[in-house]
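See the structures that follow.
Shared between the two complexes below is subunit A, which has subunit B as its partner in the first and subunit C in the second.
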Partner chain A sequence: MAQEEGGGGIDPMHQFQIEPMFGSWDPAGGSLAFTNSTLWMVFALVAVWLFMLGGMRRELVPGRWQMAVESVTGFIDDLLARNIGPEGKKYVPYIFTIFIFILFANLLGLAPVGVFGMHPFTVTSHILITGVMAIISFGIVLVVGFWRHKHRFFTLFVPHGTPLPMVPLLFVIELVSFLVRPFSLALRLFIAMTAGHVLLKVFASFFIQGMNAGPEMGLLVSLPSLLLMLFVSALEILICVIQAYVFALLSALYINDAVNLH
Partner chain B sequence: MPQLDQITISFVSQVVPLLIVLALIYLLARTMLPKVQATMDARARRVAGDLEAADKAHERADEIEEDYRAQINEARGEANTVTVEAKAKAASDAEARVAASDERLDAELAAAEAALAKQRDAALAEIEIVAVDAARDIVSRISGLSVAETEARNAVKEAMANG
Partner chain C sequence: MEVEAARLIGAGLAAIGAGAAAIGVGYIWGSFLQGALRNPEAANGEQARLYIGFAVTELLGLIAAVIGFILLFG
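Our next item is the complex of A and B:
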């Protein structure tokens, strides 16, 4: 990163910088400011709202938009029905919220608004955001698990048919793997988003530096960089969807553990 | 890495809006998802209902077709019997008329034959008379004898009987 900064003055990490748009940072922390992150969260909210409005037409023969909304809701409904069963219906709004927010935040982070001089910000590229969402999912698992099964929830950590001497060891292993879940959930999304955007920025800086270094370098460096950027952009769109799906799917699977034990 | 460097300074500024936005989306989901689901369910029900109605209509069509077939068969059978009857009646009528005509023709034929026979007898009798006269005449001319009328008649009869 430091080389990048020294080279062309393009810092691929700068895109993750949170800047207050109104108000200012209290250096000690704890200040509540309207930042670029907040702005893009609001964009995601508005986009989700507009998207959902399309599903409110409630026509017998759906148009494309209504069809899109219905396929997304049907997809989440199906996901929960398959992984949790009939009781999964209760968790549809939560899983839908997580899925659609991550999906829209991811996709908006790739929006080519740079053309108009704006800087897109990927809300989900911050560990704080993904961490809070992972903690919410994990919290639901704990609350539902202990509320439904009381102390029997601990049997989740002892698989069926374990020989008695192995129980303490397996209990510890299962407990650790259970406690790691929120971290893996948060890190997966955060790293996927961060890595993709860094990659795009690195290729973009190669492109610009190649152009600045003259026509030969432009042909040699900038053209391949541009082609790679095209490819990586397409890949990133795919990853946006996959990561939203993975987060929703894993949350559903974890909730399934809490609802049905084993 | 700003994600880690800014954790403390931006903690509240990130977490509070995130929770608000998630809560709002959750509210959206709570209010809108059931409606979307209801629309989908209503559509599924409608499609199922329509399919059922179509099935029923199909069954009804089959029934109607069967009825139609049965009726057609019945009508055909009836028509057949009527035709057969008509044919038989026509045949018997024709036969009766032919028989009547035959009878009439036979009677006419018999009458004609009788008349013919009578006329022939009359003609023969006349020929006999003429022949007797002629015979007497011829005998008297040739031999100058007069033959009795009865004798001449006998002779003529004999000759005519011989052909």
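Our next item is the complex of A and C:
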């Protein structure tokens, strides 16, 4: 990660580079490769699998692990019941999948495995990944909305009690705000993760450069930046959880629009 | 070199947007805390709305950060 640039700076964007791990196969101009992004997605999958496996033993008296798993599933169940109502049950698998994948991908990206020479890679810091998840959410909203309400789905864009002359204007405004949803959903997660990781790397580079500049500079610069880095790391863990929750919550609210047509 | 300087100044100016969003997020959490201390029973029911407001406000700060990134690295 400490890639030397001109002037001895440390490049904080290097951590987001996608590199093929075992070479790539290029059929017809494209490129298929097992990249570091793929590797960390596999890690997230394995971690989720192990986590869920520990909670699926169906014991009569749940142990600690089972309580942890049940509190997560119960949390998502409750989220959907409160925001969508009794019909929300059908969407629990989707929302739960997206929540737990984002949560594990975010947290694994913060894993301190750099000490062992592995470079942690945050899967959700690429708009390609978050964009695909946002498009799936948006697609569910469109399919469910048109399936259940047919052409009446368009009444979503005209709030109740709108005076007639205002209808065309409001229709356009609501339509634009509806169409922007997948972008804002994808952008929020991707930028929150990117910005947080860049911040951590910038403080880390302050620490290293301060230490290199001698003992008094080390005390003056390195110590405060190390303390600040500790604090920012704790904040990052909080942000990981909040962003996963916000993605799940907003997906649930958008699906609520499609199901209940406010 | 003047274009390079203008890019760096622009990236710095974009950071103002992040600060403005910080004011907004602080206002949201502060107002929630104020309401929650006055009526603790109603606080739990409003948590979803709190996070929606937080997410919408935070997005604007993040967009300012994107513009900064584009200017610096794009």
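A few comments on the model shown:
We take it that the second predicted complex is superposed on the first by the 250 of 262 C-alpha atoms of A that agree within 3 Å, B and C clash if a C-alpha of one lies under 4 Å from a C-alpha of the other, contacts with A are read in each partner's own complex, and residues count from 1 in each chain.
Throughout what follows, a contact is a pair of C-beta atoms (placed from the backbone, for glycine too) under 8 Å apart; a residue touches a chain by one contact, two chains touch by 3 or more.
Quantities reported herein were computed from a predicted structural model and do not represent experimental measurements.
Applying the stated contact rule after C-alpha superposition, one finds that A:A68 touches neither subunit B nor subunit C. Residue contacts after overlaying the shared chain place A:I18 against subunit B, while subunit C stays out of touching range. Of the two partner chains placed by the overlay, only subunit C lies in contact with A:I242; subunit B stays clear of it.
In the superposition on chain A, A:G55 makes contact with subunit B only, while subunit C stays out of contact range. Contacts of A:T194 after superposition on the shared chain: both subunit B and subunit C are touched. When the two structures are aligned on the shared chain, A:L253 is found in touch with subunit C, with no touch to subunit B. By the touch criterion defined above, A:D77 lies against subunit B but remains apart from subunit C after alignment on the C-alpha atoms of chain A.
Of the two partner chains placed around the shared chain by superposition, subunit B is the only one that A:G29 touches, whereas subunit C remains out of contact.
Considering which of subunit B and subunit C touches more of subunit A, the answer is B. In the superposed pair of complexes, A:M211 makes contact with neither subunit B nor subunit C. Overlap of the subunit B and subunit C contact sets on subunit A: residues 13, 194. Subunit C makes touch with subunit A in their complex at residues 48, 51-52, 54-55, 58-59, 62-63, 65-66, 69, 73. Against subunit A, the residues of subunit B that register as touching in their complex are 1-4, 6-19, 21-22, 24-26, 28-30, 32-33, 35-40, 42-43, 46.
Within the complex formed with subunit C, the subunit A residues making contact are 13, 79, 82-83, 184, 187-188, 191-192, 194-195, 242, 245-246, 249-250, 253.
On the subunit A side of its complex with subunit B, the touching residues are 13-14, 16-18, 20, 25-27, 29-35, 37-38, 41-42, 44-45, 48-49, 52, 55-56, 58-60, 62, 66, 69-70, 73-74, 77, 92-94, 96-98, 100-101, 123, 125-129, 132-133, 136, 190, 194.
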